[in-house]
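Same chain, two partners: chain A is paired with chain B first, then with chain C.
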Partner chain A sequence: MDFMYYGDILIVDLEAGTTEEVEIDEAWRAGPVLPAALELFRRHAQDNPLLLGSGILTGTTAPASCLGFVLGASQITGGPAVAPLDMFAGAEMKLSGFSMVLIKGNSPDPVYLWLHDGVADLVDASPITGKDTWRTCDAIREEMGEQLIQVVSIGPAGEAKSDLASFSINYWGSGDNAALGALMGAKNLKAVALRGLGMIDAEDPEEFYNRTMDLLRGSPSKKGFDWVSRGPEDEGIDAWLKPLAHRHRSCFACPCACNTFVKYNEDPAVMGSDGVQEPGLMVTNPAAALWLRQGGWGAEGACRAMEAMTRAGIDAVRGAREMSTGPLEDPTEIAAAVEALTGSAGAAWPRGEGAGSGIFGPRTPPQGSEDRWLEVNRAAYVLGICPLFLVTSGVELSELLELCLPAAGVEVDAGGIKEMFDRARA
Partner chain B sequence: MRVKVKPLECTGCALCELACGYHWDEAFSMISSSVMLYRGEEKKGYMGVMVKTPEDLFIGRPEGATAMKLGELQKEGASGGASAKPILIREACDLCESAGLEPQCVAICPQEALYLE
Partner chain C sequence: MTAVRGRLGKAERDPVFERYRKAFLFAGPNEGRTTAYPRVAVYTGSGASHSWIWFADLMERIGLYDITFIVESDMSSGGLDGFDFLLVGGGDTYAMAESLGGDGARAILRFVGDGGLYLGSCAGAYLVLTGVDLEPFTPFRLVTGEMRNVMPDPPKPRCLDHKYLARYGEEWVFHPVYGEVEVGPGDAAAGFPCFDAGATIRAPLFGGPIMEGAHKDEVLARFSGLSDRAAFLWPRGDVLRLVDGRAAAVVSSIGEGTVVVSGPHLEHPLFPGANALAAEVLLRHCARKGELGGGRHTPGRGGDKPVGGEEAESLAREIRRQVSNARIVAFGLEKMPVTWRIGLKVWEPEKVRMFLDYAWYRLPFVAKRAALVSPGERLAHLAGGYGEVTQMARSVKARIESGEDSQAEAELLLGTLKELTAAFLSVYFKLRLQERTGLPEKPRTS
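Now for the complex of A and B:
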């Protein structure tokens, strides 16, 4: 690939402690996109692989081009599952110097993978084994001397291989609701740390850039969660969080700032950085807050519970379902309740809530039918565009697909995406 | 005329950095940008935007916006951010005049957090 991707595919053998770089199969003209990863996953199935990658437009000025992916076998579904690599981690993955990473086998000792500027290192993780995801992120950034490193890590739940385990991205909850965090735990892989100073070239940079500017001018610039709500039962989540709300945050290149930073250890109105070191949490998924609110939790208790789950490396959405029956307020009781979840298998997902969503793992569609949501996800992951942006922004999918020609010199349409997934399944 | 920042409007999407990087490199990267998101204190939810001009560094902090002379910053040993390529060793903002365009960071910002004054 001359355009839109930066570097080769990295194969990491955890058992042998070795790495090698291989070129992407030229048959994948669109690059090392998710269907190509799925094909590699099947080819290396005996090694129980975990793959990280990005979409064609990830890391560019295309609106909401924040999306990368993590792919591996889910111990919940028994098949391949995908989780989003969003916030800044998807773009950093692409800029790290590797277009895709395949991690095979299990390490005999705890390690983390450090990808930076085309260099891959397996680093001893024994000093951070047992640490929660916040301390893990702190330790890796401190060790490498760089505060902008993106850290995909597991906490005690992942190390315990809990069905509730979820990897975190830096300090915040991810969309891993298929227990890929448990897969990392099984591999003795504490974290993947990403940082890169690469450049992404376009086939026709001026045409691509001008088209993305036009799309951004026509995009909404919303803040908060209400605009992505699924229906009346979801409404009012922003008002519920408002007494704690500090600022709204976007993922990389996204004009819509869904994420809400809440403070409960400090006045949310405090804007300086001199105060409390850990003032609160960035709420990255409204579904966890909704479950707790429906269970009668107050916003502060719910946010403390979400922080505790994210620190432990528990999927806050499924964890919130476990905890929603008993509203708590006392931080000590909340911490104890979350600790009790750490090794839990968690309740099974009820039928009809996305448990059959194939490679995208158990996930409730935010709107529309499950089939439509899967179709959107497939396009989103191939493009590297947030699926929530795709279904709510009003920007047409066809307009984003048309960017692939000036971006990478390839034509991609909805039928082509279906063919890619069919080929990966074949 | 210079690019200024309304820091509380910023949501940290980094499109300004990308657009500026494109202006300098005709590629997508944030290594050359004259505008830089300060996101080194992530756990605090603290974030600001810096713009390097030929004379000074305009710093849009949540507490308020200030301009500091480059000489003063260098005397203090400040790097201007937690980055592998600190903003002080990058190109200064030329308001995109070399490309004959309006400042692209201002044009691309979805939250209108950057403006010309």
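Now for the complex of A and C:
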């Protein structure tokens, strides 16, 4: 499995300030994927571990191979919770040279973890303590000298260990709806920064490349959120955002650009930038926008609120629900309302249990039942492929599973994935 | 993870090198061996660009590890004594000639007269051509040859303006094609395996001389065609008329010594055919030297102290950390629309990562044997040096991002990187040589 970087697992001991690499248990033939992480999570439970990892195909030429994961104990549900490490962070996680990282204990001082090309450094984070997620991302990129560094960070809400805390990926909201951001705060871990210049190789590169290109050619290309909406109450979200929409952006290797960049500090019709430093926000999860729309918010006010929550490191989906005010438009009032949320308690939404099982976001897309959605999510995390793509692209799961052989020399089927999760639970 | 992949890896694994690896494997000072295990000097001093690394790379691929990286002051102070090959790559020929001066020229002449081999490509070729007869080049004339790529008023180029011209007295040296060209055998290459059955080889021409005037018996390779993998600064037909049949590489014997000059970079790592031509020249020189009385050199055994176990490991880790940090910044630099002119040479930002990559891909080998590095301070020097390089690269990048001039910082960065890469490769090749000659594997612990 050398091809896919599968090999050692990095163990970071925050209390001792040390790092070491250990071999993965050979029984995990599919490498250090999510079920293996769940087992490790249980084994190291006394150290309150936080794990980051990727899937077999993450970071490859397979379509939508953007998915990695973050796993830790949720202070809301009390059990293990999984959040997606998507956009470009999952792929960069793999490229950073580590397939899985287990972070145990709490650091006496604020630190961030810098993973690069198989090197792990714990860096003093006191200069960025208290900063919001945008400034944290800027500061780390500036310190390390590269804008392509992927920064998984927490803001003031995470530092305050708020139930609403969520880690951000660079400047944008993540699918952490189980307060894993608060776990980072409890560990005094301000961020994990990722970058690697390695190449991900395959066991049979030609076969793998040809197959993935065929799949990519056969995949539909879509934009916006409407195609992932669940039902009548979700409809029209694209039209609602349209006056502010500037562009759509996909995650790593995905042909469907569901993330929508909106501009409200600058004319969205301006293609580039007319000098405004922070023209708007990338809406990465439509659930927050939907909730605010249902509460009567206008698109601009809602987007400003989502920005403020993302910067504070608050899960915008749950934050939107907890917001005690009615619809707002004034940026100062919005900022005050969001600030009032920092440090507050809140519930996982809508199902803590789902989060613990590896659910990608709190919303089930229209296709199939919740059980089916859970099954898809499990396969998605093992493969490292976005589950939204899996259920909407028309690409068969079996076609993606078959890629594991030319990719990494392992055979994986749906039954095998079930067994992996059963074993992790045992 | 650290294996070199892609086109470079494929070129490195080309079977063409096997013949030379075997030949040099059995070379050595011991009884019964017909050729000496050569000792190689690679010029990295003033005027040398990055291409000297390609020579080091080529030596490694053909199994020659006794390599020393020298600068101008080494040459003039008798530093060429005991070497078998002197390799001079591309760069700024004026800066090379000026810094080497009369003393350097005399040292090279003495070296060749004593039976050494001089192999110069691109700038290293211009340096010793008789046809380059202006100051400061006059003392260096070793090989008969005129430049065809010189005229008082060259036509305007179609692209790559910054690569096109270099002042030559009242005239201009110009480069009408930049990239891959084809070369076929000259009379001096009779029986060379790389030209078997009339084959041509591909080699990159990055501003090297297009030559004529050498005796027919001394022409090693002639330009024989063009390639789509090149930029044409002149119309393609005009380029062909200029280069076709002209000498691309010339070899000449001076006493017991050999001088080889080549316009194209025969040492470029992506051109195994061209590499084979260079290797064949080296091998033939060695064979001739063997017949003439044996090797000039016996590899010495290092007597300095390594730092030993844990400290060495931790220093190796620090080198890895800093090279990785610097490479990450260098990758970002590559996307920036900037070049730096140092002397006559234009440097692109990707050269920064190129230097770092040569260390990066060799680091696992060094790290595994860090406890053998002697003197151990070399590791500390490298760790500190790469830490400085990381800071310098960040500062260059920050200046570019904020629209400030980065010339002075870039010059310092590239100069430091050049020295550091030579220092790193010295450590690396010493370890390779120790393995080859079976020198003590176990360090003396301090």
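By definition in this document, the second predicted complex is superposed on the first by the 398 of 426 C-alpha atoms of A that agree within 3 Å, B and C clash if a C-alpha of one lies under 4 Å from a C-alpha of the other, contacts with A are read in each partner's own complex, and residues count from 1 in each chain.
By definition in this document, contacts are C-beta pairs under 8 Å (C-beta built on N, C-alpha and C of every residue); 3 or more make two chains touch, one makes a residue touch a chain.
Treat the numbers as computed from the prediction; the structure is a model and nothing was measured.
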Superposed model, chain A: greater residue contact from chain B or chain C: B
Chain B versus chain C as contact partner of A:M144, first or second or both or neither: second
Touched partner set for A:T61, first chain B, second chain C, both or neither: first
Which of chain B and chain C A:M282 touches, first, second, both or neither: first
Partner chain(s) touched by A:G319 [first = chain B, second = chain C, both, neither]: neither
Chain B versus chain C as contact partner of A:P406, first or second or both or neither: neither
First, second, both or neither for A:P110, with chain B first and chain C second: neither
Contacts of A:G155 with chain B and chain C, given as first, second, both or neither: neither
First (chain B), second (chain C), both or neither touched by A:G90: neither
Partner chain in contact with A:G118 - chain B first, chain C second, else both or neither: second
Chain C-contacting residues of chain A that also contact chain B: 146-148, 195, 197-199, 201
Touching residues on chain A, where the partner in the complex is chain C: 2, 5, 97, 116-119, 121, 142, 144-149, 195, 197-199, 201
Contact set on chain A toward chain B in their complex: 59-61, 88, 95, 134, 138, 146-148, 170-171, 195, 197-202, 205-206, 209, 213, 216, 219, 221, 223, 246-257, 261, 263, 271-273, 276-280, 282
Chain C residues touching chain A - in the complex, by the definition given at the top: 1, 5-6, 317, 320-321, 324-325, 327-329, 331-332, 390, 393-394, 397-398
Chain A contact footprint on chain B (complex, rising order): 8, 11-15, 18-19, 22, 25-29, 31, 39-47, 61-63, 82-85, 107-108, 110-111
